[in-house]
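In the two complexes that follow, chain A is the common piece, with chain B as its partner first and chain C second.
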Partner chain A sequence: MGFTLDIFRYDDKIDAEPHRDRVEIDQPTTMTVLDALEYAKAEVDGSISFRRSCRSAICGSCSMNINGTTGLACKTPVSQVLKSDNSVSVDPMPNFQPMKDLVVHMDPFWDKYNRLKPYLQPADKDEDHERERRVSPEDMKKLVAVANCVMCATCYALCPVVSVDPAFAGPAAIAYAFRFIEDVRDSKRKERAAQISDDYLWLCAHCYACSYCPKHVDPHDDIIAVKRATIEEGLTNHAGPRHALVVAKTIKQTGMLHESEVVQGTVGRFNIRGLLKQTPMMIRMVKAGKLPPFFLKPVPKVDEIRTIFNTLEAPTL
Partner chain B sequence: MATVMEQPALRRQSKSAQMRKYGFFPGCVAKESCKELFNSTLLLAEKLGIELVELTAASCCGASVLNDTNRDVARVLNARTYAQAEALGLDDVITICSTCTGHMRAANKELMESEAHMGQANAILGKFGAKYEGTVMVRHLLWLLIDDIGLDELKKMVVKPLNGLKVAPFYGCHIIRPESVNGWESARNPHSLEDIIEVLGGEAIDYAGKTRCCGFHVQLEKDGIAANMVGQNMRMAKDKGAEAVLTPCPLCHLALDGYQADSAARWGRTDLPTFHLPQLVAIALGIDPSLLGMNKHMIPPGLVLQSHDLAPAHVA
Partner chain C sequence: MRAADEAAERGADVAIVSKMHPVRSHSGAAQGGINAALGNREDDSTEAHAFDCVKGSDYLGDQDAIEAMTADAPKQIVWLEHRGCIFSRMPDGKIAQRPFGGAGSPRTCYSADVTGLVILHTLWEQLERFQVKVYEEFFATALCVEDGVGAGVIAYNMRTGELELVSAKATIFATGGLGRVYAKTTNGYASTGDGMGIAYRAGLPLMDMEFVQFHPTSLKENGVLLSEAARGEGAYLLNKDGERFMFKYAPNKGELASRDVVSRAEWTEILEGRGVDGCVFLDLRHLGREKILERLPQIRELALDATGKDAIDTPIPILPGMHYAMGGIATDKFGATKIPGVYAAGECACVSVHGANRLGGNSLLETIVFGHRSAEHAANYIKSVGSVRPSERTLKSEGDRINGILARTGGERHSHVRKALNAAMSDHAFIFRNDKELNAGMDALRKVREAATTMTVQDKSRTFNTDLIGLLETEFLVDISQPIMLGALNRTESRGAQSRTDFPERDDENWLKHTLMHYKGKTSDPEADYSRKVIFTKFEPQVRTY
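Right after this comes the complex of A and B.
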């Protein structure tokens, strides 16, 4: 019985540097990490700061880094994450500025969410309503998963793109864009698609780090659906959609993803500045003798591949 | 209304030595800019005594971007590939790319779990006389090495141990995530690459970047993004003492090998040579490194290999 809680301590109003406190918890490891923090705060040091409310994975307040990976403290039993030295380390979520101990400044996350105008905008909103706006169970089904999002920001904290480029909207905001883009009652599909496209939708690196969502929203599939929606809405004058569509084009033509054509098609054949930016990598590849071929012979039976594209009316560049 | 079929297995029982004949799906990058991966795989297969039957008429797996344009096309293209394997009497499709692995397995899962998806695919395949029966399993070479050859057997085959070479495993994404699709090992705490490195006589470096993204899929979206992601991960590896990197994915390889030069400004110089999985295994199994395309790397691995007595002076 008993374990050590290794806690990140910092106050951005006072401390120049963070430090760590190790608190002995003389309690069974069947408790959750949040229980352990509550115990430490109540019994050992009342100044330990963290966010929490519901204690049952509904409010989304207590997301933090537990042994180096992000999740809800209230949903994580100590026994599941105990390190070999019988300790659990807790840190503030990465990709956020720490405020005090495990509390972070959430503003960038909420800003990106608010930019979406995260409320229903029906076409008939100014009319008097005698009736409710009804949605068929079939239409609602695809929104059920994202409706479970509690905005705990776990996905945002885990996102490797956010970590190097804070301009990226992040998984949760895109999942919320999906929630309204796919809602049959909403009338702003194109505006929403344009907005999220401007917030670097296409910077999603397809890494599936957001598949660790504690509420199983798994935003990656929603992100892909939003990308398709932007293409359907004709928002294709951008490196991201061009990339997807030129990949489709080369597969339809040759059966293969034709690397050199994909680079030209994505950057733009006449985008001299963009192509120049690719030249250092090109030179390195030439030097190593690994420049991909400029011409590709189609794979055998490529007609079958074209039949698949044509039957499904799959778009290409 | 589609009925959900029995949950397909994520992992296959190992194949006995007499049955080691596999469908081989090299993917596009191993046939274009990373030919050294393709060649090393064939040399390693010969050494291991396994037969790889290349699916030469297969298409691209969809490379994770085809889903951005149409939700069905990648699935049906992959069904066509599986039908080709079945027609050759093969029930395994072996990949040497993480992105191929993840996306082909995702497509296969959808086909197996939904009669609607399988029906749609076979209706289109029927136009050219093909049919997918649903017997194929997509497996990465990494898993084949561990499940079918076995770590003990592999250890016995090592003739040129890596002499404590400090290797940072780099899983990247699509061979581990999402776990519901891959599921061969824990996505948060994988250790297959570490097991391989140690069996070969190397020392596996533990660092947080090993399961993070290389940025390959967004290298063209915005300047410097992939270089930053590469730099961040390689900095962690270098700080833990890594001398080289091992990856099961040619897309990760292109990013790690190619962008460390660009990430130096922000993350400091790392210059870690990166090996494709079959290259490093082949070296330890005694295959001449000069046959494994070491000169096709943007960060030459020659010096690191020579410092551990693993390659003669003429290797790049």
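Right after this comes the complex of A and C.
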């Protein structure tokens, strides 16, 4: 019985620096972190600020950092996150500017959606259909996981690429792009793939941080699918897709990663300036005796590897 | 959002004022589905849907409005589908439908158990499409009425702490429910009846407020909803002896009787000692893992999170919980109120299509149908209006009021007043009601409303002051709770969700009329008015059994 909430406190109109408050909660640890915050606000300090509404993990409001990792406060029992000193620390989501206590400025996150033109754009006219458009259960099932996204921004807060490059669309928006790209009723697959490529789709480093999703959407799966779609749509004139394709190509040819070929393929074989930029690294590699060979002999039984490639229906990625 | 989408499609200059981002709306928590007589699974008709609504309403619903809603339902579902809504499908590619309580046909269109969420997202996508301006995290505090005509609202910008005048030729309230008047509710923290409170204070009557729906399956731990879709897919309700008790109360429909009937049955079982720890059980086990994971994954997870029990192999303890307000701002069947230029749609409105008891799957439908209808009406109305120039009078008085609240000292914290309000409502105006309890409830509310005049906040900041918002919400809750209690006290009959132990019968001779409640000031009882009669078209009152 009883624990401490260790709360980040800050008001962006008043405070130069944040501080922390420790609030004793004389309640059982079976309660959720959100219940604990509500209790602290109602009984101890009414100025503690956070967003919340549904308390059933569907409105997406109460995403915050809990003991250093992001999640929905309403879905996190205190008992599961209690630290050895019997406390739980709560902080605003990273990758956002704090506004007040646990409330952050969300606009950059919503802007990423706005750029998607996130609404259905069918090829045919609504009037052509007396009733609903027919969609097979199988085609609809592709959208079931992403339909559960509550836009809580947990994945966006957890994404290390967003933290270094805020122009990156981020996992949530890419998942929402996937929602339309994979919708058989939509007609803008190529345009959508192009737009999301321009929003630095290929910066995703596949670290799987976003695979932790309170709603089991797993936007990482969707990121892979969207990358696949951009290649299928022939949008390969980016370093990202070139890299993916050349890696696959050299493995198919030689059974190994042909590193010097990969560098040329990624930068562009005729991109003289880009290739010259690699020269200092090459010189350092030569000095260290680590320069990879320019010609690679295929491994024994490379045919088996090629068979794997040929067997897979999916395009090379 | 349905209203804004319609207005935008019609080329009107439209904006949304909302205390939350639109996708945070509590409509997203609706799980089970939305009714429309598409007939995708079995033959169905909009007349059959209308009859089920009328019977479900215990003959208090206005039949012209019900017929309009059920006739419009299939068109609105198609509208949503054409705009990309992710409905579950049948093998032939049509929208899937499931059985729901009180319905004569499997009529409830769904998307697993996240139907509200997918519809909410579709509506938001259309806002994006038309680039509708959203005043996000603006908390509306008052309606501007100039020369008897609606002229916009006053809203508090939560980010800057500034009060702003949003002028408009037409204002549509789509502000949702009031679950937070009760201690335990399936509703989110945001469901504080703000729109009802604003309209009520501006002189619009609230209608049929005594009719509060208690949902049969809410979790004991936190009041969170487990969808009726569970019973629609075949789940059982069991008492402590493992008996499927519903057939004692509804011999034909069993678990799929309408919600008022099921909630009363559960509460009777519990009161008569056949519950366990004040609960009965929702049993999904026989549905099997595969069906539960495909059709009801969210409710399985909600139960797992709150109770640690997996519905795949354990019955879940549940009890009736406050879920929905059948009452609200009195409107006509176009969503119009008696103030020109002011409309209401959805849970905050009372048309009335739900009468004394709403059927599951009709709340999402009401938001869509009447969002559309009110916007259509308003779009025509604004063509007849010149310019509106609301005076700064209301802006000034609201500004003074809020400054006064922030400066106030000495009174009780609003969170404590809220608790007293919740206790009064849950103790005295729950499922079973009687004269003595309701009179005690009125006395308790009179004390609460006195305390509310001096309640205080601790947060004096102008940045995202949720303490202030909480106080303003509590003020609305206090105002709109009194029409509930008084309406329940005055109505000496049992009809739908109003169940009087001292008047156990329905009284069609005296009570086929709506309750209208008028605001008479912060510390006065509301004034009741029974001048509005129920509208009948073709369904005569019958004995209601399931």
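The working rule: the second predicted complex is superposed on the first by the 295 of 317 C-alpha atoms of A that agree within 3 Å, B and C clash if a C-alpha of one lies under 4 Å from a C-alpha of the other, contacts with A are read in each partner's own complex, and residues count from 1 in each chain.
Note that a residue touches a chain if its C-beta (ideal position, glycine included) is under 8 Å from a C-beta of that chain, and two chains touch if they have at least 3 such contacts.
For clarity, every value in this text was computed on a predicted model and none was experimentally measured.
Superposition of the two complexes onto chain A shows chain B and chain C fitting side by side, with no clash. Of the two partner chains placed around the shared chain by superposition, chain C is the only one that A:55 touches, whereas chain B remains out of contact. In the superposition on chain A, A:227 contacts chain B only, with no contact to chain C. Contacts of A:303 after superposition: chain B is touched, whereas chain C is not reached. Of the two partner chains, neither chain B nor chain C is touched by A:194.
Contacts of A:140 after superposition on the shared chain: chain C is touched, whereas chain B is not. For the combined arrangement built by superposing the two complexes, chain A sits at the apex of an angle of 140 degrees to chain B and chain C, based on C-alpha centres and given in steps of 10. In the superposition on chain A, contact is made by A:284 with chain B only, not with chain C. For the pair chain B and chain C, the model built by superposing on chain A gives 12 Å as the shortest CA-CA distance. Here chain B touches chain A in the complex through residues 28-29, 31-36, 56-60, 62-73, 76-77, 80, 102, 124, 127-128, 130, 173-174, 177-180, 187-188, 208, 212-213, 215-218, 220-223, 225, 228-229, 232, 258-259, 261-262, 295-298, going by the rule given at the top. Those residues of chain C lying in contact with chain A across their complex are 20-21, 23-26, 28-29, 38, 77-78, 81-84, 86-95, 111-112, 114, 116-118, 121, 125-126, 128-129, 159, 188-190, 222, 224-225, 298, 301-302, 305, 413-416, 419, 457-459, 461-467, 470. Those residues of chain A lying in contact with chain C across their complex are 11-14, 35, 38, 41-43, 45-47, 49-61, 75, 77, 99-100, 103, 106, 110, 113-114, 117-120, 122, 126, 129, 131-137, 140, 143-144, 147-148, 150-151, 180, 183, 185-186.
Here chain A touches chain B in the complex through residues 68-69, 160-161, 163-165, 200, 202-209, 211-212, 218, 220, 224-225, 227-228, 231, 239-241, 243-245, 247-248, 251, 255-259, 263, 266-267, 277-278, 280-281, 284-285, 287-293, 296, 299-301, 303-305, 307-309, 311-316, going by the rule given at the top.
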